[in-house]
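Multiple structures are listed underneath, in structure tokens.
Two complexes come next, and they have one chain in common, chain A, joined by chain B in the first and chain C in the second.
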Partner chain A sequence: MTATVESGRSVDLPLLSVESVDVHLGRGRRAAHILSQVDLTVRPGEILGVIGETGSGKTTLARTVMGLADPSQGEIRLQDKVISSLRGSARRDLRRGGSVQFVFQDPLRSLDPDLTVEQLVAEGLVTQGQASSHEIATRVREALGWVGLDESLLSKHPAQISGGQRQRVSIARALVLRPQLLICDEPVSALDSSNRNNILRLLDELRTSRGLSVIIISHDLSSLAGIADRVLVLYRGRVVEDGPISEVFARPRHPYTALLIASAPALSDQLADQRPEPSSEQHRPLHVRQLRLVDADTATVSNDLEAGCVFRARCRFATDVCGTVPAAQDVPTAHGGGWRVSCHHHSTWRAELEDADRPRVPARPEPLPH
Partner chain B sequence: MSTDTQLREPETSDALRTGVAGQRSPGQDVLVIDDLTVTVHNGALEAVRGVSLAVRRGEVVGLVGESGSGKTLTCRAALGILAPGCHVAEGSVSFGGQDTAEFSNKAWRAVRGSRVGAVFQDPGSYLNPSVPVGRQLAEALRSVQGCSRKQAKQRALELLRLVGLRDAESVYRQIPGELSGGMLQRVMIAIAVSGDPELLVADEATTALDVTIQAEIIELILRLRDERGLGVLFVSHDLAVISELCDRVVVFYAGEIVEAGPTEEILLRPRHPYTQAMLRVASLGDYTRRTLDVIEGQPPSVGAQLPGCRFADRCGFATEQCRTTPVAISSGGGHEVRCLRSDELSLTRLAS
Partner chain C sequence: MLKKTLRFRSAQISVAILLAVLLLAIFGSALAPQDPLHQSVKDFLQGPSSRHWLGTDYLGRDVLSRLLAGTRTSVTTAAEATLVGLVFGAIPGLLSAFLGTWFDFIANRITDAIMTLPTIVFAIGCTAVLGNSLTPAMLAIGFLSSPLFFRVTRAAALEFVRAQYVESAELFGASRFRIVRVHVLNKVIPTIAVAAAMSASAALLIVSSLTFLGIGVVPPAPTWGGVLASDLSYLNQAPWAPIVPAVLIMLTAGALNALADAIRDASGVHVSLLSAASSKAATEEAAATELTQPGDDADPAFLGANSANPVIDKIDEEAADVNRHSAA
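On to the complex of A and B.
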């Protein structure tokens, strides 16, 4: 389970901590408030999954950690060093040092098509300008070995290798700098299931063998549940839930997390019945129609992150109190590491559903009323 | 909703013709692809070989398989939009009984507007970022349908409402950057169905969307299927989406159809080892920590000439005969499979 975290090494020392970070993009009247009061920690060897819809700020969060966007408030620390306030050459040195590395979604677009695999993987080392060419060649081969790629690919161009291999090259390119933290923005969404699992397994192996911490941004909840230790749920720039992934997915405390899980495509009822019975700590899954507010119109929601709960316009359980921003509240967890949820009704909304004697839900959504 | 509406069982099994997935009375078929072979690199390699399938009115047919298995090429061939260097070498594609091989460019344009619509993965990249989406939709109506400006706007607003955009008036005036991915995909679907087509080709149309939006798009497609009798050719590598949306599934492997049949049949009683392996590795709503399975090995390279089964090298059940004997697709009760051993193997989706 969370063995790498619980095994005792550096449990209390987070590798990365983001504290009360706000990010505004743009200036003056056009400035947009992208992230508000975001907190997160990543421990050594931990995999943190970040989920949320388009525009929820996942990528901005990753870019802020990378130093590609500046927080307007709050602090980001790597080990005990504040990295969010670095400027000029100090920031450049941090970037070139390679302790935090980024893997992009689409390797075909993020890898230069004119370079060979060897040149691509070596690029970061060449930019650092410290290693000799012999050393670079050795480290490139070493990094390829970590991601399970054969040396025969060294002279190939991105277009000549498969999608899964390309994503491995992207990862090797990051690993060659021996990072402590790898941030992967949708690393598998361009891949089919088998290749997807292959890459996720690789990330899982790397955190075990190299103590690498990984942040995975993904909208594939089920794959994420297979390898991540913790999950952070973003909605419109705020963290709505943050906790151990197994517990959060088994019993989400925020209505948005519950809606996400209920919306994830699953097999129909007959097929699901063939699965082993859920254990007693799991709960009967909720149906998307129990959670969706039918006449929510997302087009007209204000963009003011300070004007109450960000999810209230789509929330079935919203009341007047949701006009104020809910504070993050701690929820007891079996695995440690903390579980926080930002919802005024986090302890009561589920009871509203479970009280009702509901019929067995159909596998398929009914046509929308029109 | 009960299960009987989910699956359209074949009325008579003898109406099935070997090689054509579930083909029935021809009047009902909106798209028939017969023995299609597509070559790439100017004829050097066969990337799609002998593909036959049909989409009926009011039916969602899913194409599933790995990247590079030929799903998208098949769709593009069906739409007559193969990239330069790719050609239909053999076989035919017909809409409502008309063979598209005889279509002139003009005829194709007429067909694409009115009989078939298409939606792709990334809605943002198909729209002009600086023109209000309503105007782009109205433009399609004016050029294809010959509507007047006023009619076009009226009709565009109706279409935006049809695809579930409640505040159609304001969406009409917004540029793509102001809309979410799900709303853009709805606009794309509105454009695709603007000519009231019989067929919608959706190539990875929900892959880039968030799950809550994806669930809404799936509902929208099902509603269009039920209300307008739209036939849909839906390409995805996500089996869970396929299982929610499709009436029938066609499984591609390395350029060929390896299995085809009603969705429930395929998912519950897969008969091809590849389908079974695919079901094993798919993450189908399992939220527990687990070892993520993979299918070992790589598919054969595009266009590789192999004497026997193309999956044999990765198959746990392969025999020497599998590698050397060409295997034809066989049909039984509407469930087609391309495997020498399909009768002796009893596969289930949970066995490994």
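On to the complex of A and C.
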């Protein structure tokens, strides 16, 4: 997991950088503010996990990077080139280059039901129009091999193969163009757990063997825990925390991240097991009960992303100062690579919690009912 | 799609009928036993006999000969009108779904304008300007049927414009032309085929009303619609007479419609898949399919069973448990 950090590649120039991006969808008075001041960087060979609940803007973020939605502010750079301002033929040329590929969430919808697997995987190459038909056929078979699919599927239609196979066809048609960056939108949310692991292991393997950078969008923490290097937590269109995944999961600095982790029982148990001293006060896993604001009134939450901290309506540590938007603050990390948190109380809430809850909270929380 | 279509019994019968009509269109005049224009006043409105197999009309002309000789004109007429309708309707319909708001708006307003034109008056106007023959009349009829094709095609194409695979093709940098050709055209064709079959059978009949006014086909040249129209005027004297041309028109129109239906049914698998995909249940369904066949492609060895990843391995064990449960 920390291979990139150990090999020193983390100091490379970022492959993708998203800087202070705002996205509005819709026009005029009906425009909805979907993303606000989003920053992210992906370095070569790095796997970035983007997590957040439904409606937090994960997919819009990916679509903005792909040029399917236009940022109203900020810019997106691929290596040194600003790609967010490209239009028309320049944008088409970039897309034909195939350096950034997107794997849609639902392969049943993103694969044309009338085409065969061979045509689907070849589509990007055919659109490029540079390779000969022989070369295309070879590269299609090579890509199928990477994702572990048999050549006998080439003549099948999407409806004739299983969900796991469809997902791999989706990934193969992205990989066939030999991209530098792969963005996967919920790649495993529709799969059973065994297929889920095959896909995740595949992405991990591709990163190692091909130096591929990957952004994995997910609402499921445990699917990221094994393979991502860094994690970016989105809440209602804002980045609340962005840092090395092992450190963020072990000691989240934002109350929302802490709540997310505490709400995933399998993950919090696992994190507890991995720690050298599980009994240490410093690393005691937090429980949902400690973090949840019981009388949270989310119905009155303003849709204005500029009206203070986005999480304050659900945050039990919120004070008056949270009426202003918190700036992203750097937090020291053990392995480097940057860790930024947007919370006014990021350095104090944990202490406040431990002081207040010590007598009442059991040393080892009971697992939540599934 | 063609092979799949021909697997339907209805498609086979339709194709046989249409081939027969085509043969009649080519060789009809040669096959006619008598001169279709020869009048014999003393033989008018006779029933079927050995001399006139299908009887005679109000001028004593042999009906069988008139129908055979009229096939070519009738078929050409219908084909011409349909083709004109397709060119002026289906192509702008497809484009308006893809060329953006302005083109769509203008094309829609033009269509609205065309729909306000009265058919007969417009056809008379066309023949007055372009000369009274078949082609100008059919140009008029086809042009006036183009709103049908425009609306049907546009509606069908709009369904696919926002399809995710179209978006995915855009992300590969595909041109609009390629997207229409690869991802949209074959899904819209069944719908257009149904509209074309309807329009062709309507054109067969419209010819008769135009013949009545002496537009397009000039008497005494025979057409199916013309024979039908003249027979209808003498129902008192020969009530059975309209049946023969009517059956011929019905068979042709029916065959066209059945063929169009077969084309639509042949692509039906995908249509049902699409509607499933558009529903929210799609992901659950996919998951359910997976769970019913866990061993299908769950190949733990495809990247080495033991990853260096404790988390993945742990989830792997859970997956194995799930599989054991479902096997039991």
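Keep this in mind: the second predicted complex is superposed on the first by the 332 of 370 C-alpha atoms of A that agree within 3 Å, B and C clash if a C-alpha of one lies under 4 Å from a C-alpha of the other, contacts with A are read in each partner's own complex, and residues count from 1 in each chain.
FYI, a contact is a pair of C-beta atoms (placed from the backbone, for glycine too) under 8 Å apart; a residue touches a chain by one contact, two chains touch by 3 or more.
Because the structure is predicted, anything quoted here is derived from the model rather than measured.
**Q** Contact-wise, after the overlay, does A:P113 reach chain B, chain C, both or neither (first, second, both, neither)?
**A** So A:P113 only meets chain C here.
**Q** For A:D320, decide between first (touching chain B), second (touching chain C), both and neither.
**A** Neither partner.
**Q** Mind working out whether A:G163 is in touch with chain B, chain C, both or neither, as first, second, both or neither?
**A** After superposing on A, A:G163 lies in contact with both chain B and chain C.
**Q** Regarding the shared-chain residue A:L200, is it in contact with chain B (first), chain C (second), both, or neither?
**A** Once the two structures are laid over each other on A, A:L200 reaches both partners.
**Q** One more residue to check, A:L191. First (chain B), second (chain C), both or neither?
**A** In the superposition, A:L191 contacts both chain B and chain C.
**Q** Does chain B (first) or chain C (second) touch A:L221, or do both, or does neither?
**A** In the superposition, A:L221 contacts chain B only.
**Q** Touching A:F249, do we find chain B (first), chain C (second), both, or neither?
**A** Touch status of A:F249: first partner only.
**Q** In the overlay, answer first, second, both or neither for which of chain B and chain C A:E123 touches.
**A** second
**Q** Per the contact definition in the header, classify A:D93: touching chain B only (first), chain C only (second), both, or neither.
**A** The second partner, chain C, only.
**Q** Looking at chain A, which of its residues have contacts with both chain B and chain C?
**A** On chain A, the overlap between the chain B and chain C contacts is residues 1, 162-163, 189, 191-195, 197-198, 200-201, 204, 222, 225-227, 270.
**Q** For the complex, which residues does chain B have touching chain A?
**A** The touching residues are 1-3, 6, 65-68, 162, 164-167, 170-171, 174, 179-183, 207-215, 218-220, 222-223, 226-227, 237-241, 243-244, 264, 267-268, 277-278, 281-295, 298, 349-350.
**Q** Contact residues on chain A for chain B in the complex?
**A** That would be residues 1, 52-55, 162-163, 189, 191-195, 197-198, 200-201, 204, 219-223, 225-227, 245-246, 249-250, 259-261, 263-268, 270-272, 274, 288, 295, 297-300, 362-368, 370 of chain A.
**Q** What residues of chain C sit close enough to touch chain A in their complex?
**A** 163-165, 167-175, 178, 182-183, 186-187, 267, 269-270, 273-274, 276-278, 282-283, 286-287, 289-291, 293-294, 296-300, 302-303, 307, 309-312, 314-316, 318-320, 322-323
**Q** Any idea which chain A residues touch chain C in the complex?
**A** Of all residues in chain A, those touching chain C are 1, 66, 68, 92-98, 101-102, 104, 106, 108-115, 123-124, 127-128, 148, 157-159, 161-166, 177, 189-198, 200-202, 204-205, 222, 225-227, 270.
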